[in-house]
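Paired with chain B in one complex and with chain C in the other, chain A is shared by the two complexes that follow.
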Partner chain A sequence: MAAVDSAFLDLHRLDHLAGRDSVVHRLDPRVKVLITLTFLICVVSFDKYAIAGMLPFAFFLTLVLGLGGIPAGFVLKKLILVAPLALLVGLFNPVYDQQPLMQLGTLTIAGGWLSLLSLLLRFCLTVGAVLALIATTGFNAVCMALEQLGMPRVFAVQLLLLHRYLFVLVEEGRRMDRARRLRSFQGRGLEMRTLGPLLGSLLLRTLDRAQRIHLAMRCRGFDGTIRTCRPSRLTGRDLLVLALCGGALLVLRAVDGPLLLGRLVTGLIA
Partner chain B sequence: MNPPLVEVLDLTHTYPDGTEAVRGVSLCIRHGESVAVVGANGAGKSTLLLHLNGSLIPQNGTVRIGDYPLAKATLADIRRTVGMIFQDPDDQLFMPTVAEDVAFGPLNLGLPPDEVERRVTAALHRVGAAHLRDRPPYKLSGGEKRLAAIATVLVMAPDILIMDEPSSSLDPRARRTLIELLAGFHHTTIIATHDLDLVLDLCTRTIVLREGRIMADGPTRDIFADEQLLAVSHLEKPLRLQACPVCGRDAES
Partner chain C sequence: MHMADALLSPAVGGTFWAATAGTIAWCAKKVQQDLDDRKIPLMGVLGAFIFTAQMINFTIPATGSSGHIGGGLLLAILLGPYAAFLTIASVLVVQALFFADGGLLALGCNIFNLGVFSCFIAYPLLYKPLAGNGTSRTRIVIASIVAAIVGLQLGALGVVGETVLSGIAELPLQAFLWAMLPIHLAIGLVEGLVTAAVVTFVWQARPEILESAATTRPLGSLPIARVLAGLAVAAVLTGGVFSWFASSFPDGLEWSIAQATGKDELDEPAEGIYGLLAGFQEKTAFLPDYAFRTGEQAAAAEQAAEPAWPAVDSGTTVAGLVGGGLTLLVTIGLGLVFRKRRRTA
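== the complex of A and B ==
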């Protein structure tokens, strides 16, 4: 349960960060969602051996995190937490792809290593970008923005309620688990077969709760649409930021900056 | 005398598993009354309350709220008249922040944004929870959640307030705050509870339910004086009406 506990606390942390105020926080959520999307598409669309080309994106992300006041340690911890997944995906690249692609002095680097590295970098950038989005916007605002941008309303409502009741569900699961532990001795009572009924009754309780929540919503005139009164109007500044950032990202994707820079430097030296 | 505001006639309800929760209940509540519904666990209190705002539709018998008989077609009107405060505030606070939660009902009524805003602020002030407005509900304490839940109902300006166990799981101070708050309301109130001291403070009339039937219906003081009735209904005299354990004197009778 310790892992669940810490993940749970971190959700609070994410919410807490979203409650701060900074240049990035003040942008319209929709603008941030769109920029994040552009960022993701650009990063994912790189060639499988690309590394240098993605570095400007890492710079961009660092800049956003810095402006938004998101502690680097927080993001790094999250990345390390989920990095094994990416590692697992690329683990066999060096084995299968041994075609030499790069020469560093006497060291020949096989394509597999490059693609693994590229994969990890891509992973850090995409996860980092989404974290940055949520930590500067807040989960609920992201949902609302997605809905305004055309995501079906049902999904937005689902996500909102998921975020709200995740806490209640975790709390309920924790209480049940504690009750089980308190009556388990010498490892008896903690087997998988007691987990089944426990999860089953958690599910039943959840269904009951869902029914009560639905009732409570109906009592206040819920008809399938969640309305909010957040006045959200895109300002000129928002649009400018969107155009600038979006444009910059596309240019960074289209033009290999590090390569140009390298050529420029070697050109100057020569 | 005021015309009846809530009129229940020969109501029965049987749950799908065969439990007969309410068996032929008839009652009539008038404007401005504050009525307690008491009884043992499983006596049918919650089921009765769920009928009063149309969360359950009568299987037999009728329910009338004001001018409307309770039926599918009148649900919207009835729910605007009757505000229901649930036992577990977590079921009632589902929006990201307290203010958005309080605004949920008025927005569904289709009120304009500035009117919604005005009502939200007023309702939060009324329950003394203005400082909670931007907090997410899951971070509130039990007492704060209860206040927020009451605000979500008050904001709809209901004529009738229905509460299911309002003082359960509150600490003594939060309970006292709640009682003081409710004492200041001029709504018609119906409270289902086991907290008989709260009944003593808030309700002039008490209805005792037992096994789905009305055992007694009368002035609270009379009901609480009838020890035999209380005993068969699994109830006890409110603590304040019992003898003082230290000096042995009757406290307040």
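== the complex of A and C ==
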């Protein structure tokens, strides 16, 4: 419950961050969605032992987060909150993959450890990219962008309504849950037996609410589509950013920059 | 359990994205044909309801631990398969974007695992026939439990299949299955019981809600041929997973087979799906030489049983370490610069 509560506070925080203004915020949402997708595909297409080659992507992500004014502590906290899953599955890599891949003096490093490190880096990059997108764009704008990119309209409307009523219903659910826990002593009354009627009455209230919303929307001329008065058009600047970032990401994926840099440096020393 | 981006390969993630996007488009068309605009706010609010329901914990009998409801089957019962699928998909999109649960690329897999199985297999093929017209409490309870268990088992199987097909995690199929399936059996039982409790409560308090939900949607029109085709695809995929696993984990099943029979027998059937996937990956890779490198490493991994380890080029290792370290330093430096600038600003 505490974890969900803090996750929910983060929801407000993300909305708040999206309301700021920066170079990244001002970009067209469609451009940001496309760049994020390119980033994700580049990252997950790396070889399973790749580590150094992925680091330029961390550089790119840090640059975007910094330009967008997203606090690093916030992103790190989110990463730690959701990390257990990837860690749990990845922890078996060193156990099952003991083929030595790297020789450092007398120390031999097994492939499993490399792939575990690679998996964790992958995890940070993919989760960080999605956070960067939503924290600099906002949910509504991402939905609109996805619709303009071809998502069915019914689904876009569904996402917008869900986001809007999330806050209302979660508040109501938290009130009910608090009331139930305040009346419970030594954990009595929290069993599965009480959950059915509890969720049932929340459901009935929800259905009544949906009915009222439907009537109110009908009164205002709702015909199944949501219209926005925010004009969105792609400027030349947006297209330039898309081309530059997309190109840069593809080049970073194709050329192992750190390896070249390392060769250059070791070559200079030797 | 949700799939994460980090565990996915682009080929698997892309395939499931395509499948899920197609299903969403199909369901959106079906819901729009329904011409019942009451359903649109209902779907939105019920999606938010599922979120709320997931936040309310309860103690699971005999274990002392606490759990929460998933809600896929409940949505299918209340809304019908098409609208329920869209609602589940929207809940997962919000979870992926805000709670970093799963990931953007893994979204396709997650919607498929949690949506398709409960809406298009567990609900129409199990819940509907077992519950009948929904006038008997026992039948509702039995139908909910059976449908929830089957839906969740298929979903867990999906997670395992997608992870093993991607090949990023080394966890062998057998161990993964043994970890996932019993846990999801218990989760499915609890999910079924809670779903049944909610449905019977609504049925006692306001029976007309379930009746209208049962009559307004085109339930009988679910094309059985498509469902069978989907099941066939799932069967082929599962079979593929099994055979592919046999060759790509030399220290797992194959090792024990080699120990038992003295020769690698399972190499032959595995060539097909692995070669197909590798070919697909080669086509989707940005530079062919990268795919070539992967191929080389896969070949190296297959030779792992030989006493001579693949030659380790220490020059490349050192260069990679130095370059990687420098890149990391520059990245951290950039982060610190931004941090300082924000403090002074």
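We take it that the second predicted complex is superposed on the first by the 269 of 270 C-alpha atoms of A that agree within 3 Å, B and C clash if a C-alpha of one lies under 4 Å from a C-alpha of the other, contacts with A are read in each partner's own complex, and residues count from 1 in each chain.
The criterion applied here is as follows: a residue touches a chain if its C-beta (ideal position, glycine included) is under 8 Å from a C-beta of that chain, and two chains touch if they have at least 3 such contacts.
Just so you know, these numbers come straight off a predicted model, no measurement behind them.
Aligning the shared chain A places chain B and chain C next to each other free of steric conflict.
In the overlay built on the shared chain, the residue A:N140 is in contact with chain B alone; chain C does not reach it.
Vertex at chain A: the C-alpha centres of chain B and chain C lie 100° apart in angle, rounded to steps of 10. In the superposed model, A:L34 makes contact with neither chain B nor chain C. In the superposed model, A:V168 lies in contact with both chain B and chain C. Chain A is touched at more residues by one of its partners, and among chain B and chain C that partner is C. In the superposed model, A:I213 makes contact with both chain B and chain C. Contacts of A:G200 after superposition: chain C is touched, whereas chain B is not reached. By the touch criterion stated above, A:G221 is placed in contact with chain B alone, chain C being left untouched.
Remark: least CA distance from chain B to chain C after fitting both complexes onto chain A is 6 Å. In the superposition on chain A, the residues of chain A touched by chain B in one structure and by chain C in the other are 160-161, 163-165, 168, 209, 213, 217-218, 222-223. Here chain A touches chain B in the complex through residues 12, 15, 138, 140, 160-161, 163-165, 167-168, 209, 212-213, 215-223, 226-229, 231, going by the rule given at the top. Chain C contributes residues 1-2, 4-10, 13, 24-25, 28-29, 31-32, 37-38, 40-49, 51-61, 66, 69, 86-87, 89-91, 93-94, 96-101, 103-105, 163, 167-172, 175, 190, 193-194, 196-198, 200-202, 205-206, 209, 249, 251-252, 284-287, 290, 293-294, 297, 301, 304, 309-310, 312, 314-324, 326-328, 330-331, 334-335, 337-339, 342 to its touches with chain A in the complex. Residues 50, 53, 55, 76, 79-80, 83-84, 86, 88, 90-92, 94-96, 100, 103-105, 107-109, 113, 116-117, 136-139, 152, 156 of chain B are the ones that touch chain A when the two sit in their complex.
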